[in-house]
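Here come two complexes built around subunit A, the first alongside subunit B, the second alongside subunit C.
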Partner chain A sequence: MLEQIKNEFKNASDLLMDTLDNGYLRMELAYFPSLCDERIKDGLLVPFSYRFDPDEFRRMLHSNPKYQKQDKSEEWANLLLKGNVLLEIDGQCYSFKSDRTFVTEVGTTQVEASLQGPQSAFTEDINLNISLVRIRYNKSILTVKPFDKGSFSHTSIQVLYDSELVNENVLKMLFKQMENVNIDLLQASGQLVKELTDRSHRLFPTLLQTERPDRVAVMLRRGKIVILMNGSRFAIVLPVRLFDFMHAMDDDYESYWISRFLIIMRYMAVSLTVILPAVYIAIVSYNPEIFRVQLAFTIDGSRAGVPYPSFVEVFIMLFMIEALIEASIRLPRFVGSTATTVGGLILGQAAQQAGLVSSIMIIVTSVVAISNFVVPNPNFSQSVRLMKYPFVIIAMIYGISGVAVMFFAMIVYLCSLRSFGEPYLALFTPKNQMNSGHGKD
Partner chain B sequence: MRYRKALLFALLLSMLCGVNGCGFKDIDKRFFVVAMGIDRGSKPSTYRVTLRLAIPTSKIESGEAKTELESIEAPTIAESVRHIKSLVDKELDFGHCRVILFGKSLMERGVDEPLKWLSRRRDIQMVAFLGMAEPNSFHVLKLHPQSERYPGNALFLSFGSEGTESSYSVTEYLFDWARRQSETGKDGYLPIVRRDIDSNSYRVDKVAFLDKKKLRLCLNSEETQLFNISAKHYDKSVIAIPFQGTRVVLALSQVKTRTNISHSDIPEITFHIRATGFMEESPPNFLGGDMQQIQKHMQTEFNNQLEDLLYKVRDAGVDPYGFGLHYLATYFGRSNEWNHWMAAYPSVKFHVQSRIVIAKPGLIR
Partner chain C sequence: MARYFYYHVIYVGMINVMLFVPWTLIQHRFNGAVSGMAIAIVFGTLISYLTISFILRFPGMGFAEIIRTYFSHGVTVVILILAAFIWFMAGMLVIYSYSATIQQFFNPDMNPYLFMLLMTLAGVWGASRCSRSVQFAHEIMMLLCTPLILMILFKAIFSPWLDWDAIRVTSGYIRTAPSFVSLCAATFVFAGYNTLGIFNRLLPAGAKIKYRWIIPLFCSFFLLVSFFIPIGFHGTVGVADYLYIWSITADSMIMEYGFVYRVLYIFLLLYTALSLMFAMNTWHTAMEFLKACHPKHKPKTEQFPAPAVNWWINLAFAILTFVYAFWTNEQRNQWVNQYWLITRTFVDITTTVLLGWIVFRGSRKKKKQPPIPRDAAVTDT
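Showing the complex of A and B:
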């Protein structure tokens, strides 16, 4: 066995290969110490060395589920890379599962915070993630199907679904799509999302990524399919609708009127962040009669010193805010607050005092930026962030009527989208598909 | 293929740069017209158009509002507006023109042409307030009221229900007036705007009635209030009745009216009005506190007042109440009925039947 392994791993100097002899039995042993944990000591080395009993040792090899007979020599390399110990005793090859798990504690939510809901989030370890789901969805019909994707990374993927509630067509479509996944290094769930989406250029996400096990449980209950991936703390949910992206888990936990209020506010914020810069241009440059007369005069007065047309003003401010957002994501945490202070306070105030932009534009920019972060899902938030630019360009050319037509066009586009064959903008799904009593969002 | 697509996109983008929107004009390059006055010109069949233009400032204080007045004479309104454009440095914008005044002399000649121009322009809003300026609109628009916070504010607030709500000022919108000008059996009315005697505010307390062509009648302030109550159901007003040398004042809270027109040779119009309110001023121990008695007394007095007004309006040959329209709507017969009404209107009889309800006697001790 060792010869063959040696051939396959010619330059892997961290591979440990040894032949052990305790006087009764000879054992050939190969494993990566960096990939295996301490269990190897109690599980294999101690019974083999000073506690050795030939009968007990044989019994252990055959009865312990961690030991598997491995006859196919072509799988050995793969087993070693997955953190198994290979041993050969009396010409029979066994594997001992001893892979090191780095994450042993449940994570806390970081991008989908909740006020009073569960605070636990998925981790980068797939086994822990599955247990998180199983704890919440405690039913025997929860099916888990393993996959292995990435020709170089060999990332393990698990597809979870409730076999009674799941839509068979969607499942078939997913498995077909899974066949076509062709990635070398699969490292983030976003890559898988891209591969699973049928058209590559999409303005809106059609698969939901979430780090919350409670959301996954709710989605499973609604017959959706969940994909968990090793090394990613985000689960992928499909098929989804636009309203799933706008749904925060707190909406389910808050009292009825509060959650309704929050939902309405959220949709208003999204429409504001999408159309407000465009509406500013359209109203200031084409139809100032839409304002009340006081506001028209105030804007007129504050814009008096601005040298550029309104759309240049909008682009200056939008560029500044986008750069600021991007910087605060990428910057290390301890410099992050500096960026916000410099960007938000100094630039905003100074730009207005220098006469580069009007004071109303500062308000517009801040409303746009704040409203953008109201979206509970980061993917969707990014899409919304991008959507305002087509509106701005249209408003530049066609004014307020252009904005109205563009909004209509956006609705049409959303209607045309499909998430694994399911309509993206379906307001009401039939009762039999959605019987969790969860409300329409 | 990919390059061709990108090339096409770049081409489209470059074509986009060539397109500059036809209406693109920034707000700071526009001159907002806040009020417009149309007068009769010095030569026959010319107009004198006066525009009050707002000069915006970033700080807003009472009396600090700056405006510019431009006035020019031309054979038509359109020409004079074009001519005024050459006098100012920014593009004129009628989008916020909320007040349009006609001079009295123009009203006496007829306002058909100005109305056509106002209705045709898309940027003049149909919710603009109309008024008749006395003696002419240039004189009225020249006034700079002390209380004005932003340009044109004082005039906007005088009309409508945003600022002051006076029972002496009637409000007329452009859309309503345009309808009244074309509606059979219903005539237009306009508030009369004057300068106050001390020349620091406007005075809107009278109403002018027009038939389809020109000015026919101007009411005084008391009659204007009565018209406001009876025709517009204006309930923030008072009914004042003389009583033994003092006056009894009833503040209204609700007004309802109903009209019946009989179908006879000389139609008789019964005007029912029901007014609810509370006593705001009355002498102590008024009629012994007998409510029925008080109400009855007020009803007879009010009937007389209103009948006088109705006859006065009838005699001027105008119909701002829309009795003619009501008659046509009630009785079938189209043009025959209309001719009959036209002939009979100067001699129709009015019966006012008022019902005054004193909801609260205004007792203080």
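Showing the complex of A and C:
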């Protein structure tokens, strides 16, 4: 065995290969100490060395589920790389599972915070993640299907679904799509999302990434499919609808009217953040007569010192706010507050006093920025952030009527999207069987 | 899923404003519009009830598939192309008049073709989607429009400036003999049921369209509102002075509170949505009819992404719209509108008669061969 492994790992100096002899039995041993943990001592070395009992040792090899007979020599390399110990006794090869887990504690939510809901989040360890889901979805019908993707990273992926509720068509489509996944290094769930989306140039996410096990459990209960990936804190949920992206888990935990209020407010915020810059341009440059006279005068008065047309102003402010958002994500924590202070001060007061932008534009910008962060899902939030630019451009050419037409086009676009064959934006489709009733093909 | 059907009924009922139905009626207000409307209410209800029951006998089949089962390929293609032409004209006329309205009221110094370009592009974009997406989009747009519609209607009806005497005077002309054009124009308000010609494909087998009283109730309401409210605002004589009569009527109202002062702008925004929905629907239907001309065409209600042929057909529609816009002016557009309304009425009657005849033939065939179970017989015919 050792010869063959040596041939395959010619330059891996961190691979430990040895032949142990305790006087009764010779054992060939190979493993990566960096990939394996302390369990190898109690599980293998102690029973083999000073507590050795030939009968007990053989019984252990055959009965302990961590030991597996490995007859196929072509899989050895893979097993070693996955953190197994390979051993050969009397010409029979065994593997001993001793992979090191770096994460032993449940994470806390960082992207999708919740006020009073569970605070635990997925980790970068897939086994821990599965246990997090199993604890919440405690049913025997929860099916877990393993995959191995990434020709260089060999990332393990688990597909979870409720075998009774799941939509078979979606499942078939997913497995077909999984076969087409062709990627070298699979390191983040976002990459998998891109690969699974049938057309990559989409403005809106059609797969949901979430770090919350409670959301995953809710989704499983609705018959959706969940993909967990080793090394990623985010689970992928499919098929999803637009409403799932706008849904915070708190909505399920708050009382009825509060959550209704929050949901309505969120949709209003999203429409504001998308159309407000465009409406500003349209009102200021094209159709000031829409607003009542006093308001039109106020807006125009605030622009008195601004020397260029409104769309330049909008582009300046939107660029600044986008740069500020980007900077606060990338900056290390300790420097982060600098960006916000400087940005807030300069954007807020100074730009207006210098006569570069109007004070109304400052309000517009802040409403846009704040409303953008109301979206509970970061992916969707990014899409919304991008969506305002087509509106701005159309408002530059056509004014307010262009904005209305663009809004229609956006609704049509959203309605024409499909998430694994399921409609993305459609009202009043039954929760579990979205295909029933219409669309008979 | 019958609710999708009623969305069509309702917005087609409201789009009449853009097809100069109120203008046509008001031109004839002293010589036959009121009696024409009364007849149209009865006639429109009757023809819509009949067509719905006929089409529902062919579950999952569009108009194209139904006539294909009875006629030879050549006849089918002729009928379909005629139907597609009528449908396409509807979308084209609405886009043209809406662009003209916008040019007049929103962006007077803009090149008139520039806004039409945007409207046609949006129409092409919407119509080239698959039928199911079109249906979803209709529902959402409809729900978004509802508050605006209700607001304008209530503002109009309860406005202190609405002169009910003028309305009473005009409605007194009900005893005059109905004029033909106003009868045809008024029937258009009931035309929403025609969308079943395509969207019946999406109705599940055995679906029933309940609450059919919605059609006479709502459509009569829209018809009466779009005729009488302008008369109430402008008086029995002054009302004939305006071409874009409803935009002017909406401009007669103000909102005391809020950002926007003139109701006109709310009205125009609402009709952006309605016109685009109408254009999307008519062009989509025309496109589906043209696609069904191919002898081996299999109708698909769910296609993502949209096939290239959808784009090409709709782009052709867009180009035709521009050709029309170059040719036409206010007078010609009026003329085309009137003749379109008349032709449409005849096409509607022909469609109903055709469908009735097919159903009749089908039921006679069924009597001759009793052993075939009912469901199979219906789908076979």
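The criterion applied here is as follows: the second predicted complex is superposed on the first by the 430 of 441 C-alpha atoms of A that agree within 3 Å, B and C clash if a C-alpha of one lies under 4 Å from a C-alpha of the other, contacts with A are read in each partner's own complex, and residues count from 1 in each chain.
The criterion applied here is as follows: contacts are C-beta pairs under 8 Å (C-beta built on N, C-alpha and C of every residue); 3 or more make two chains touch, one makes a residue touch a chain.
Predicted, not measured: the structure shown is a model, and the values here were computed from it.
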| item | value |
| --- | --- |
| Partner chain in contact with A:415 - subunit B first, subunit C second, else both or neither | second |
| Touched partner set for A:309, first subunit B, second subunit C, both or neither | first |
| Partner chain in contact with A:398 - subunit B first, subunit C second, else both or neither | both |
| Which superposed partner A:350 touches (first subunit B, second subunit C, both, neither) | neither |
| Touching partner for A:301 - first (subunit B), second (subunit C), both, neither | first |
| Chain touching more of subunit A, residue-wise (subunit B, subunit C) | C |
| Partner chain(s) touched by A:287 [first = subunit B, second = subunit C, both, neither] | both |
| Common ground on subunit A, meaning residues reached by subunit C in one complex and by subunit B in the other | 286-287, 289, 293, 397-399 |
| Residues of subunit A defined as touching subunit B within the complex | 284-289, 293-294, 296-304, 306, 309-310, 393, 396-399 |
| Subunit C to subunit A touching residues, read off their complex | 1, 4, 60, 102, 106-107, 110, 114-115, 118-119, 122, 125-126, 129-130, 132-137, 139-141, 143-144, 202-205, 259-262, 265, 268-269, 272-273, 276-277, 280, 300-302, 304-306 |
| Interfacial residue positions of subunit B with respect to subunit A in the complex | 16, 19, 21, 23-28, 30, 32, 34, 54, 56-60, 93, 95-96, 98, 123, 125, 150-153, 156 |
| Residues of subunit A defined as touching subunit C within the complex | 199, 286-287, 289-293, 295, 394, 397-402, 404-405, 408-409, 411-413, 415-418, 421, 423, 425-428, 437-441 |
